[in-house]
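The structures considered in this document are given below.
What follows is a pair of complexes built around subunit A, which joins subunit B in one and subunit C in the other.
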Partner chain A sequence: MSLFASPSYPPVGYAASAPRQHAFNPYTDNGGSIIGIAGDDFLIMAGDTRHTSGYNINSRTEKKVFRLSEDSTLVLATVGFGADAKDIAETMRLAVNDFKFQHNLKNMTVQAAAQYLFTVLYGNRFFPKYAYCILGGLDKDGKARLYSYDPVGSYSKEGERRAAAGAASSLIVPFLDNQVEFKNQYVPGTNFTVEREVEYLPVDKVKKLVKDAFTSATERHIEVGDGLQLVTISKDGYQEELFELKKD
Partner chain B sequence: MSNPFSINGGAVVAMVGKDCVAIGCDLRLGMQALTVSNNFPKIFTYGDAYLGLTGLATDVTTMAELFRYKVNMYRLREERAIEPETMANLVSSSLYERRFGPYFVSPVIAGINQRTGKPFICGFDSIGCIDFAKDFIVSGTASDQLFGTCESLWEPDLEPEDLFETCSQALLNSVDRDALSGWGAHVYIITKDKVIKRLLKGRQD
Partner chain C sequence: MNHLPEAWGRPRDDVYGAYDHSHLRPSMPNQHTQEPIVTGTSVVALKYNGGVVIAADNLASYGSLARFSNMERLKQVGTHTVVGASGDISDMQYLFDTALEDLVIKEEYQNDGHHLRAKHVYSYLSRVMYHRRNKFDPLWNVLLVAGWDDGKPFLASTDLLGTTFSAPALASGFGASLAVPLLRRVCPDEESVAKISRERAIEAVEECMKVLFYRDARSTNKYTMAIVSGEDNKVDIEWKKDVELQKQSWKFAEEIRGYGAQIV
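Right after this comes the complex of A and B.
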């Protein structure tokens, strides 16, 4: 199934009589997972650093979270087909850089980058880039903004509080529902009539949740593991941390 | 979508705590995307052993009744209730008997051995291979989601009420992200001398 699978040769001495069909498969699923969580004035973007094809591990150190420029708060995380994911990140990096010189050294806003990413993805509507994207950054008031996309670009302009994508998203999403948006939690003593109110979480709490989500996903999903790239965006700028995940 | 394991939908989870076990299931019965019933429990009791069954609904009912018969015969012969460990081997051999034409079910057993006082849980594939777990067992169409929630919410040696909360939160949040499961839940919290069965309403969509 792999794009780079070794070619199979017909056995020597046999005439190639049966009709053979050749196919080029342009996509591979390279596994991995990403998470984005928006705080009030900070943003956490994270991804594991395993890169797989089938049961093989191609790399244990391939990062999935990309900083779109050195002087803006824009960060893009991508999973899916690794080559397409990287290409989207590069296209976005170029666009953000270009924008700056076309607009009197003013940086692209998150809202603008979000709309532009949609254009990039939908531009490939009939030969899609097979990658799921999560875009984040701080807006002009310093508030965190987070957007998540499907491979052909659909996204919500309001943005999200948290997003997860990739191989282990089905494992991570219900956990985040419960711990970030307090789903299925009620105020004690109200006999299940008052839902627990959603509030912005502090940075250290969010980091703990992200680490828990990835250690759990690593434990139960073979395509997730090796390393955790954890990026924090706040008024203090861009901070990147790397943590170990299980390598089995 | 012609996979027999995901036509009717459903989810079951079992967890071990400190001298206690919990087992929970959702209540949905569907035909593909159409919900037919919101009162189809998937946990059945056989003395000290609690059996959860997900998969093809007709097989769930058939197996539940088959084990009622088999466990009744066991009790008549042995003049005592069946132990959870014995129940596990009964389920395993009954499934393997149909090795080449299996029942499309993924059973889960939970219980406390009344003789030793030890908590016991285990799960099976559809042909009877037993998965003895020290922590938790999940099964059904929401198993991916349950693996995620259980792996991150569960911790060792939970007291009965904390185990109930952990099990319920893991189940509820998982079925809310699975279109084929949900519509309420049953959760049993089992200690050596007491069993509490709670009905959770959950989201009705």
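Right after this comes the complex of A and C.
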């Protein structure tokens, strides 16, 4: 018999014979979503600025994309449990800063930062930091690199072309599959036999995709909205833009 | 071979019998805070052009019993900041009377002309809260930090999990549902802070305290309000203590059966 079948009486086995433990739950979900898309020589990182607790909106202006230092191209976006997310960002910021002073003012490479972030996350394997991370930056050749992580640190060293995480990732990922990796797109006139070749997208096209992804996610997900923080990293450095999203 | 991943690496039920979950239960009582005992309800705060208004009522409840009716839940920290606490009162007293007191003594002892600003106090508090949740021994509070920071009003929140966020209008507990919508009507975003006068902000917060008293069964009609105002680097904190709610209207109760003057 289902537990829900008898609404008024607790099942016999659940009688209050033993003292009831009221456990403290150290996690919560603060909603929101993030996206990272790598172009050939530029990188877009974006996140909405809504911060939620259940059905409450705590703030409409909490940013999820963090610049790890003023003079490198490293950018980290985190989403999930807000306190853990910010703690990871702060840990990474301090690590990038320390590295610089211990290595004759040389900045941490994006590959090194990626491996370090894995260490941070996996180091908390038995009390995980409940946050999904997307790390990006330009490598020594000026090529964009993008890495995405689960809460315990799993990531791909090859990096990825696009990544999405957070509350609306299930809405955003299939859109990005189709629009960035051209999944299910075929060359016209080939009767669905020749797949469309994947190519790097220009920066203005990527920005459009990101804005579309977030306006759509805002329509369908209650934890996404209010504002869009859109960060561009290129040879011209770091650029941050803020756009409005629906506040309902 | 069981193909279900959740069964892998576990003793087989058909060999060892069903797993006895009672072995996982600790034999000693847990000494960490498992639930708040004596509690304070909402704290309400709003930024305005030149400062922040923050208020909390003076009640400390023991479950549904109105236990202490003179419990102030706002504390001035240093020269620039007022902290408001809801949730467990003993945890609040640890923070206010021990942690923050020690912090201020340590910082002011230098006598070097530097004072902790609201952002610094907030940073300290949020790290303490997060640290304690990491130890599975949380301080069961929601804290609002109001103050003057670097020529601007400052308002932010932290809770028992170490979650942090900031907004021009904030309220904890019941107030998050009842007061924040009223405050956002006055101040929807950071840009509109500049258009709100001190009087308007006080009026809005007073209105919130009234609505909370109408609807929150763990609230009282006596509250404390602090107004932190600044000009460049000069800060002034005005205290209004033991304020009684003014101009209450219980007219709405007339229409509610079992609440107003009806006999049946």
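Heads up, the rule we're going with is that the second predicted complex is superposed on the first by the 227 of 248 C-alpha atoms of A that agree within 3 Å, B and C clash if a C-alpha of one lies under 4 Å from a C-alpha of the other, contacts with A are read in each partner's own complex, and residues count from 1 in each chain.
To be clear about the criterion, contacts are C-beta pairs under 8 Å (C-beta built on N, C-alpha and C of every residue); 3 or more make two chains touch, one makes a residue touch a chain.
Keep in mind the model is a prediction, meaning the values are calculated, not measured.
J.: Does subunit B (first) or subunit C (second) touch A:Ser170, or do both, or does neither?
T.: first
J.: Return first, second, both or neither, reflecting whether A:Arg220 touches subunit B, subunit C, both chains, or no partner chain.
T.: Touch partner of A:Arg220: subunit B, not subunit C.
J.: Applying the touch criterion given at the start, work out whether A:Asp212 contacts subunit B, subunit C, both or neither, answering first, second, both or neither.
T.: first
J.: When the two structures are overlaid on chain A, which partner does A:Pro26 contact: first (subunit B), second (subunit C), both, or neither?
T.: Second partner only, subunit C.
J.: After the superposition on A, what does A:Lys86 contact: first (subunit B), second (subunit C), both or neither?
T.: After superposing on A, A:Lys86 lies in contact with subunit C but is clear of subunit B.
J.: Regarding the shared-chain residue A:Val203, is it in contact with subunit B (first), subunit C (second), both, or neither?
T.: In the superposition, A:Val203 contacts neither subunit B nor subunit C.
J.: Which partner does A:Asn56 contact after superposing on A: first (subunit B), second (subunit C), both, neither?
T.: Second partner only.
J.: Report for A:Lys183: first if it touches subunit B alone, second if subunit C alone, otherwise both or neither.
T.: Only subunit B; A:Lys183 stays clear of subunit C.
J.: Could you list, by residue number, the parts of subunit B that touch subunit A in their complex?
T.: 144-145, 147-149, 151-153, 169, 172-174, 176-177, 201-202
J.: Spell out the residues on subunit C that touch subunit A in their complex, using ranges where they run on.
T.: The contact residues of subunit C facing subunit A are 25, 30, 32-35, 130, 133-134, 136, 138, 157, 161-167, 176-177, 180, 189-190.
J.: Give the list of subunit A residues in touch with subunit B in this complex.
T.: Answer in residue numbers: 168, 170-175, 177-178, 183-185, 192, 212-213, 215-217, 219-220.
J.: Within their complex, state which residues of subunit A touch subunit C.
T.: Result: residues 18, 21-24, 26-28, 30, 51, 53, 56, 58-62, 81-83, 86-87, 127 of subunit A touch subunit C.
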